[in-house]
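The following pair of complexes shares a single chain, subunit A, combined with subunit B in the former and subunit C in the latter.
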Partner chain A sequence: MIGVSLSRWTMSFFAAALIALLLALGLMAAGYGYPSAPVEAAPTLIVVHLVAIGWLSLLMCGALLQFVPVLVNRPLFSDSLAMPALLCLIGGFGALLLGFLWLDGQIEAVLPYFAVASLLLGLGFGLVVWNLAGTLMACRPLPLPARFVAVGLASVVLTAMLGMVFALVRGGIVDDPRLLDLAAQGIPLHAIAGLGGWLTFCAMGVSYRLFAMFMLAPELERRGTRAALHLGACALVIAVPGGIVAIWTGRSLDAVLIASAIAGLGALSLYGRDMLHLYRVRKRRAIELNTRMAVLAFASLGLAVLVAIVLAAFGVLQRHIAVVVFLAAFGWLSGLGLAKLYKIVPFMTWLECYGPVLGKKATPRVQDLVVEKRAEKWFLLYFISVWSGAGALLYGYPPAFRVAAAAMFVAVAGIGWQLLRARRLADVETGGRFPEGVRQPSLLHSFVQRT
Partner chain B sequence: MTTFVDLDVRPILAAGGEPFGKILETVAALGPDEGLRLLAPFRPVPLFQALGSKGFSYEDRAMGDGDWEVFFYRTGPVEFENGAAKSVGEAEWPEPLMHLDNRDLDPPEPMVRILAATEAMQTGEVLSALLCREPIFLLPELEKRGHRWRGGFDGEGTTYRLLVRIGAVNEAAK
Partner chain C sequence: MTVEVTDALAAQVREALRLVIDPELGDNIVDLGLVYYVSVGEGGVAHIVMTTTTRGCPATAYLKDGARDSAWSVPGIEFVEVGLTYEPPWTPEMMTPDARSRLGIADKGRW
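Then we have the complex of A and B:
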């Protein structure tokens, strides 16, 4: 079949992701984890994984289950794998958090937390990758945006494998010296594979297609776009497999990471140029809030790169690496994610509710499901808080960082509330909300009428 | 997924024959999801242009001993249509009664207008629409409503032309 249907469980992934983000921001605002605790302390690990797995990865999995089919214009390989994958991910993630609490001495019961976490997270990510890779495999040769996603999927496998090694070492389940070395020195590789490979590559791939679609701009398949893909993939190969070899052969990681950073910088510059080009050549002059707010996410990515270069030039990058990671995770990935949620949730809800009666009954437009003016202030508060939080981290003021995190919490709660209203059709005029044959959509599941 | 039909022109050339006709014949018989895997004793540069104009891209690789393996696959205009539409036949797609140019509309407005138009038309009538991209969410909806469709990009890959035949699935079932 040609064409794409709604992904049934994407809304559940989104809901779980937003809860994890609010939880992480609440903890940060309460002074839990870095910068009040050391980077490697258990509370920091809890917050970091709430953001990386709970929020960003669940968000990305949910989005890819809907948009990989859009990238290749074919249905998803399997509709029934999504829910078991989500359950495994949530279960494994819960076990991981318990494991960190146990390391921290907060839990006394000795249970195989890390073994269970490794198994369930491995299984959960495995099911998502299997489903998405199966969809892509059926559509070779892949269009360029889908190739970015393919690299992202390979990266999540690497990230998960490194994470499993760390978990098994920390849980005292394996004691192979090579794996111990990897666990001791491999954290930067795990972060690069996760934030750079999995999340950034997938975000890049999806944005090439979606931004062209939303702004009525031509699809990009130019030389610079291919170069961005190849340079980015090079950066990842140098950093991750290259880094593992460096650790195992007793060489310094620094040279490997610098080489990877140079290639990565090239890839991001080309990507930035492409996105700028899409905004410039768009046929749609007035753009929606989600596309306007995405500009702030791109700006945050640029800022993260700029800050990294300046810190490196002064030789203090290592000391302040948290600032760069914070900007990349919250300004770039989370900012883009929140902005795109504000498009995806109303669009999927509109298609689910009104798609079957389009043309038969008078129906609201997608934009009637949202009130942009109301959401805009929360987005602006979010980005301003992120940039202030980065400043507070850079200058070492934990109280200011906590205030920024609290403001981010409020902003995300505000955006989340607007998304909930869109899903409940609360902002659609009462008269036109439920034409005959239309019913209230379920919050967490999308109903798909079979052909 | 593209499946490749093999054609080895080395024996034809070795026997002093001209393989061009055979190549075109094989290409003409390819399905929408099929490509051509060509084995030749030299890099067949003239073919890249000739098949490129038919919407094929290529990937080639030297096999050693001067032989080349070239994969031709479709990237240009291909007409797709839903399932059983092929059995309806060319003659049963009458001239479109309704023409829509939806190229400059913001998504999902093209989908809304096409579905509104199909509801106003009679069984057997044909609608034609121009779009700036493939209407991926519309196509399953057309099928659910029992319409047949065929569509594809023009030669430049900028305009997608869609034909919808109203209620043709029910018609065929009768």
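Then we have the complex of A and C:
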């Protein structure tokens, strides 16, 4: 149907992502991985990748499959690539976790886990990037928010390539000295390309458009926004290709990372200023819960930056880098992701169920699919727990961190339950829930009805 | 058909379009100012020109089809043509004062 951009498999991406997040939080609450184990230990790597690939990347892929067409006002390049991509990503991710367990001596090597993980994750991310880049390529020159996403897609390619190198080296499959050097020293580059490039850039691009839409604010295409894009892209080029060159030529990686951090800080400051501007000039005075909670995610990003600056000023950033990464991953990216899920799931469910009967029957509003008051407490619990967990990490108190992780688990389970209710139309008044022609949606697949 | 009859039909079509809501804002497309033009010509042919709150809105096709179906439900309407335009782009100033008040939209300041 012309003009309809309902991504069929986005709900499956979201479901898999939420399961991975709950699993990661459950492990953290049980004391698995950092801070109970060293940063480089296999349990920590399992938790980190559960969050980075299982939760954040699957969430971002699902969201982009739905919203890149909105950013560029064109249909998705292919509707049939999403499901194979999801299967490859889940399969590859599973193989990666098995590889870490094998490294830890927990299981036998039945398969070359890291080789399988490299192949499937490379293929999965490749299919997602191919689909989204194909959509973007068809509508150049790109609007500014879509350019952020384009940089994010370039970053996920770099992140995946670095990850594949690490996996092949750890699996003993390659032994080229340059790749060994890269695997030994390149972890910060992998993290910057993933968290800073892929996830943060895509979140920035989508938020420029969605926040203007949800708050009824004029879309921004100003000099500061372009400067944020260029400075951020510079930070990534300095950190990743620049960092690889530094490693291979035996130069100091610290100087490269400091230069990248300065450019990145400039980009984030400009982005923060833009978000504040959108909030101030919004026409919609009473904003919805998803936007209010996104404000807490932005606050967490600001807090992460502030903590990084203070730690760097005292010369202890390297020792406490986990605090900054934790705030960025759980306060900023996960907080924003959960907040936006609370909008996207009801919105997509509404489109699927009530879009086809629009004009024929009276329909509920998107807001009628959710009960904000009920969800608000879970979001507040989530953010308070994240900030408490960051404090526990900073002061080196693992039992308090585990309590915070357990509270985050409960909060995410509570939010997940509200999302499930929205998807099942459970909160829509009984009389208007199923007008003629409307049926209960599937949990994992969006069915596009023709009118 | 006389001018009086077509004008009356156009008014009924406009009223029928209130059944179509913008899912995001949750109000009907007439009061939101998303319907730019409604006319009814010879033979009961309705012409509607409308917009959406933003380009690329995932609900665009449903809104357009919904406008067609609700207009078609008016007795005397034999055919409906719905055109989509983004000129001029929609702004909150196009909403009726009542809709602005219902949705808590600020009156002050320009877009």
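Everything that follows uses one rule, which is that the second predicted complex is superposed on the first by the 444 of 451 C-alpha atoms of A that agree within 3 Å, B and C clash if a C-alpha of one lies under 4 Å from a C-alpha of the other, contacts with A are read in each partner's own complex, and residues count from 1 in each chain.
The rule we apply is simple: contacts are C-beta pairs under 8 Å (C-beta built on N, C-alpha and C of every residue); 3 or more make two chains touch, one makes a residue touch a chain.
Because the structure is a prediction, the values reported are computed rather than measured.
Trainee: Would you mind checking whether subunit B and subunit C clash or fit side by side on subunit A after the superposition?
Mentor: clash
Trainee: Using the touch definition from the top, say if A:R140 reaches subunit B (first), subunit C (second), both or neither.
Mentor: A:R140: touches subunit B, not subunit C.
Trainee: Considering only the touch criterion stated at the top, classify A:A362 as touching first (subunit B), second (subunit C), both, or neither.
Mentor: Second partner only.
Trainee: Using the superposition on chain A described above, determine whether A:Q66 touches subunit B (first), subunit C (second), both, or neither.
Mentor: The answer is second: A:Q66 touches subunit C but not subunit B.
Trainee: Just checking: does A:L351 make contact with subunit B only, subunit C only, both, or neither of them? Give me first, second, both or neither.
Mentor: both
Trainee: Applying the touch criterion given at the start, work out whether A:F214 contacts subunit B, subunit C, both or neither, answering first, second, both or neither.
Mentor: Once the two structures are laid over each other on A, A:F214 reaches both partners.
Trainee: For A:V281 in the superposed arrangement: first (subunit B), second (subunit C), both or neither?
Mentor: After superposition on chain A, A:V281 lies in contact with subunit C alone.
Trainee: For the overlaid complexes, name the partner, subunit B or subunit C, with more touching residues on subunit A.
Mentor: Higher number of touched subunit A residues: C.
Trainee: For subunit A, which residues lie in the overlap of the subunit B contacts and the subunit C contacts?
Mentor: 1-5, 69-70, 73, 213-214, 216, 218, 283-284, 347, 350-351, 355-356, 358-360, 363, 365-366, 451.
Trainee: Which stretch or stretches of subunit C touch subunit A in the complex?
Mentor: Residue list for subunit C touching subunit A: 17, 19-21, 23-24, 26, 53-71, 73, 92, 103-106, 109, 111.
Trainee: Which of the residues in subunit A come into contact with subunit C in the complex?
Mentor: 1-6, 66, 69-74, 212-214, 216, 218, 281-286, 347-348, 350-351, 354-356, 358-363, 365-368, 451
Trainee: So in the complex, which bits of subunit B are touching subunit A?
Mentor: 1-2, 57, 73, 75, 80, 82-83, 104, 106-108, 111-112, 115-120, 132-134, 136-141, 143-144, 158
Trainee: For a test of understanding, state which residues of subunit A touch subunit B in their complex under the given definition.
Mentor: The contact residues of subunit A facing subunit B are 1-5, 69-70, 73, 137-141, 213-214, 216, 218-219, 283-284, 347, 350-351, 355-356, 358-360, 363, 365-366, 449, 451.
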